[in-house]
Every structure is written in C-alpha cells, then in structure tokens.
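Each structure below is given as structure tokens.
Next, two complexes with chain A in common: one pairs it with chain B, the other with chain C.
Let's turn to the complex of A and B:
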C-alpha cells in the first residue's frame, strides 16, 4: 500500500481592525498596550467593546513590560508545532498595570522555577513584524 | 470612534493585517485501488477498474462502483487518448501557483472510461481549446516516473476529428467497440 505525507496549507491573512492593530503595532515597537474598560480596568490584549456594557473602548494605555504569572501549565515534551523546542510553560501573565491576564510562553528552564506569583518579563525578537510571536517568550525576571 | 493611542505609538505606521496561516499535516494512505492506479503509473500505464455489474470503468478507481456498491474488481488498461468534456482557462494567479498564465485545466474522459480525470492541457493556445477535442497524455521520461499523476506532465491536442459531447461535463458513450481502450 502506498503512503505519502500530505500537507495542506492555507495562507490566510486577516485585517486586524484598529484596536488589535494597535496591540500588534505595539509589539513591533516593543511596547505592550491594553485598553481601558468602562469601569476603568485595563484589559490586555485590548478588545474593541466593553465586556459588560458593550460600549466602544477607545483609550489605549501602555502596560508591562514585566508581569506576574496567574496560572501555568508545564509542557515537558514540546512537539514541532510548539513555540520552543525544549520544555517550557504556557502561562497566564498579568502585565504590570493590567487587570486581566494574557496567555504566552515562559522559558522557565524547569517546572520548579515557575508558579503562580512568579514575575516574568518579555524576551523580544530582533526581527519583529507586528504579531504575537514578536515576543519570543517570557523569561523569569532577575531579582537583584 | 476615535482611538486614543499612547504617545509612543502615535508616530509609527500602524499594523493593519496579520498573517494567520493554517497548516494541516496528513500521513496519506492511498488505499488498494489508488495504490493499483499509482503502481500502474510507475509502469507508464493508466489503469482503470470496472464494475462487475454495470461494467462502467472508473479511472482512477476509488475501489467501488458508486451505483452498485461492489468492488471494482476488473482492472482495465486504458490507451491514453481521451476527449475534453469541459475545461477552464485560468487567468488569475493564486498563492503557490507555478503555472504561467493563462493556462488550461481540462476535464478529460479517457477513451474507454466512464468518468473524468482532471489535468493540464498544454501545447494548445487557450482560444483553440474546445469541448469534444481529442487529447493525449504527455509522459515524463520513464526514468523520472513517480507514483503520482504528475508523471503525466499534461495532455495535448491530438489530430483527430472532434467527438460529440452533448453537454459540457456529459459522459461520452463509447459503445462496445471501444470498451477497454481499443482505439
């Protein structure tokens, strides 16, 4: 019986809209932004409408770059599709100045180095295009 | 709605689009019938399979007759030439396309077959291509044959009076004399 690899790729490109666009523009410029909700809470990544009142949100503010882990999951055996080729953590990270957390990768080295409350900071790529991957990963903040 | 941007983002070009490619990786198993067809291709042969009940010849066969639900058990070698039953002139490039524009994609009913094969039509300018036209396969050199339909590089017009195709995409009836690919 004949067998062969079969790969199907769709080269989708999306328009971002102004709010997500601003977040991605920020990533390209090494700046993290959130948006101020109707109740004054800062939501990161920014969203277009208030989650409670549904009104338009318009006030983008800088947050981070550091933040704190609010939940994490250790990936002991990453496969080829994952962002790092060695064990890492997926984490919810609440950036400084934000009231919500966003998911990203933490290159923590080993699972005992990361827990709820661990402080992390982004490691930026040298070549940035305006995409979430412009942050290669977060790393554990050095305490001095 | 007027967005208020932080100072640091006011004088930079805004990102408006983002690439979000999707990639699906399969390990494809050809199955019995397609394996038979592709092994034929390796030997420079076009193999169809016939239904034991209605005797329709499918190429490439999917292994069963959709009308009778029985395995297409009889292997039939087809000569190669066929009739263009429909075609499309492609004038617009798409992502990943390697063809020079314009080019023609054709639906070909191989002589002796009761279904169609889709393939490229070359060595013909698009305005000469027509339904009913006879075409023949142009193969790669034998040394370069692989288990893929791409081992047939394309089909080209054959100097032979046009066949009658009542309707685009309509099956040509070959009659008993040509059944099995005898030209």
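Let's turn to the complex of A and C:
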C-alpha cells in the first residue's frame, strides 16, 4: 500500500466583525461577553443574528466569569490537539448572567468531581491573543 | 404536486476501511447496479445529484472525479451537495416537481476511514468559539447524551437496548451492514465508559460505503418498475448552530420536519431513523412521536453501518426496499447531519398496493 502524508490548509484570514470580534477581544482582556437575543435572553458566546427571528443582534452584555455545568463528558484519553494534555471533561457551561451555555473543557481531576450543576470558573492564560484558547480551561470553583 | 417515486436502490457492502479501491472504484458498482436494476443508462436520466464531502476526501472538488465515473458526456444536468445524499435526493425531488425532468439519479459515498473521522467532524463546528477546542464528534454526542440523561429523557439501559437491537437486526436482516452480531444490552452496559457516559457500543462504526437511488415521476415510475415506492411527503429543517443555545434533550427540527412531511405516527408501520448514536434514536422517537412498540430500523440503522454523507440516503433506500418487498406499506425514512442531530430530513414513503 502506497501512503503519503496530506496536510490541508486554508491560508486565508477574515475579520471577525463587531460581535464575534467583541467576544474574542474581551477574552484577551479577561472579560466574557454575551449578547441579548430578540427574546431578551443573553446568548453566550454572542452571535450576530437571532437564531429564531434572524434579527441583527447588537446589545453586548458582560457575563461570568463563573458559571454552572449543564452537560459534561469525561475524556480519559485526550487528543494532542485538545486543550489539555491530561484527562478532562468536555462541558457546556452556562455563565452567570447568561441564558445559554458555551462549550469548553473543565480540568476536574477525575470524573466523579464534575456533574451537571457543578460550578466552574475560567483559568486564564498569561499570554492572551484574542481567541477561545485564552481560557486555558475551566476549573471547579472553590466553595467558601 | 407531481407524484415522485423511488424506482431503484443499491448500496455497497459497508466496510471499516476500503483500502483497495479509490472512491470512484468503490462507487461505480453501486451506481451501475442502481441503473441496471431497471435497465436504463445515464442517458435516460434527466437530473443527477450527489452528496459527499471534500473534508473526508482531502481535496477540493473531489466529487468531480466520481461524476466523471458516472459518465457526464454528452453533457448532463447535475448538481452536488456537501451534505448527506438524503439532501441530494431532496434537491432531485424539487427538480422533478418543477416538471423539467421525469427521472433523477441520486448517489452519495464516503471513505470515512481516510482520516481521523471524529476530529474531521469537529471542523463543522463554530470556527471561533468551538472549533479551536477540537470538540470531536464523539465528545459532542457525549455532551448531548449527558444533557438527555440528566433531564431523564433517556436512560443508559434504553440506550444499551438500542445499541444491542441495532446490531442484532443487522445480523438478521441486512447483509450490507458492517456490525452484525447478537450481543445483549447487559453486555453493552458492562463495557467501560468510552467518552462521557457513552459506551463504545453506543457509538456508530466508522464505515466506508456508497448508495444510489433512481427517482421517477408519475407514469415514468410505473414504466420503470413494477412496485414504485412513492414519496408522499418530504421536508427538512435545521436547528441553530450554537450547541449551547440548543436544548440538546429535544430535536425541534425533526419534529417540525415530520409535521411538514405529513407524518401521522399511528399510520406508519415501520421507521428507518438515521440515529448515529444510541441516544439519538431515543431523542428522535420522542421528538417525532414514534410509538413505543413501533418497528424501528429493521436494517440495523447507522449503529450497524455509518458511511458519512450516505447513512441518511441509505435509510430512504432501506425503507423503499422494505415497502417494495411487501414487508411494510407506509414508512418514515429520516436522515440527519450536523452536530448532535442539528439538521433533519423526514420523508413519508408508501407502496402502490
């Protein structure tokens, strides 16, 4: 069998606009923003158009930084491209002040430490570039 | 509306990895069989539409190679969707409705094995907020399962039953399927957790394969075969892209598509649901109002063979076989694509008898 490596690249850039751009710029400044949907619900990550009415959305709202896990899935063997190099949980996280959830990973240590309802907070990278990876991961919130 | 029927269906014997053939070579016997079944050639076809994706083939305009294999000279009227072949069938159905053509040829194929499939599928996600995290297709399904389990709309036991039944039905009914064996739900439950609360058996196999369907309108359908299977209703709908915006415990787009396609659950005698993961079938049943005792996925469904971009078209083809053979009279065929059942197509199929 003849095998050859194949590397696919899409070497073009685009601007992210006033909504996605605001979210990404916010990440660089350690600020999380969502956007108010046509029905008044706060959508995080923010999106440019209302999924139901297709209206332009413009009203940005600061949310978080903490939030609650609404779904999670433990990954015992992460892929090298995924955010953490040791076992973690995929999670949908509803940030405080938001009505929808965002996808990220939680560095929970073990699967029995995380469940729907667990409170988490972001762990920011020192060097931030304006990308989702500026949040290295979420961690379980310390209870006082 | 014109009456449009499925007059021929063919599919490959789906395999984990077809390494000895390229895509064209894998597809050609299937398209040939679909046309030979009813004794016609590509010159008798008014419109050709295919479904496949460059992301799996690994090069741009990959469908042109397979189109060359079909024989597009003298020039033919054709189109392609970067979607499951079920959506190519929808486009062909619309073309037939315009009255411009009386016959249409639909095919789709994929070599899902060519790359790291779960990671390739992550490229369909939001490219800013999710794509860079490399949320793979199994992790994505595990998140939906988590939400559904937590809400109590599915149970791990019911998921294991779906997983076991699908491979058992494939063993009994479907020589084309890839996973055909009799393993109990208890054995599925005894497997270690794979990703999240999914067992390996809750996940579909990686499959290479192809399928083809010929459609014809009205009298042309009756000329071409003795038992055409009529598409009585067909509709497709989509839920929002953002995973966290959706209620992953429900499938509103499947419910709407079923309603618009004219599905009356009590009048349906069997269902072919494109449910790649075991919890997907349970969510779809709930969304579309499938009765508890209904016959679902006699073929084994996508849990028994899951060639990407093709497993949805196969559901339509399998339903047409079950109707033309007399096993069923009126069926629902369903196709899905996108992350966690985002996009859904529903067709009501019926025989002449």
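In this section, the second predicted complex is superposed on the first by the 132 of 144 C-alpha atoms of A that agree within 3 Å, B and C clash if a C-alpha of one lies under 4 Å from a C-alpha of the other, contacts with A are read in each partner's own complex, and residues count from 1 in each chain.
The rule is short, and it goes like this: contacts are C-beta pairs under 8 Å (C-beta built on N, C-alpha and C of every residue); 3 or more make two chains touch, one makes a residue touch a chain.
Only a predicted model underlies this, so the values are computations on that prediction, with no experimental measurement involved.
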With the two complexes superposed on chain A, say which partner A:16 touches: chain B (first), chain C (second), both, or neither.
both
Partner chain in contact with A:121 - chain B first, chain C second, else both or neither:
neither
Taking the superposition as given, does A:101 touch the first partner, chain B, the second, chain C, both, or neither?
second
A:131 in the overlay: touching chain B, chain C, both, or neither? Say first, second, both or neither.
both
According to the stated criteria, A:6 is in contact with first (chain B), second (chain C), both, or neither; which is it?
both
Touch check for A:45: first (chain B), second (chain C), both, or neither?
second
Is A:24 touching the first partner chain B, the second partner chain C, both, or neither of them?
both
Could you tell me if A:59 is touching chain B, chain C, both of them or neither one (first, second, both, neither)?
first
Dual-contact residues of chain A, meaning touching chain B and chain C, are 1, 6, 8, 16, 20, 24, 131
Across the complex, what residues on chain B touch chain A?
1-6, 8-9, 12-32, 34-35, 38-39, 95-96, 147
Would you pull the chain C residues touching chain A in the complex into a rising list?
19, 58, 116, 119, 126, 128-130, 132-136, 139-140, 142-147, 150, 193, 195-198, 240-245, 248
Please give the residue numbers of chain A that touch chain B in the complex, ascending.
1-16, 18-22, 24-26, 28-29, 31, 33, 56, 58-62, 130-131
Report the residues of chain A in contact with chain C in the complex, numbered from low to high.
1, 6, 8, 16, 20, 23-24, 43-45, 47, 51, 70-76, 79, 81-83, 90-94, 100-105, 111, 116, 131-133
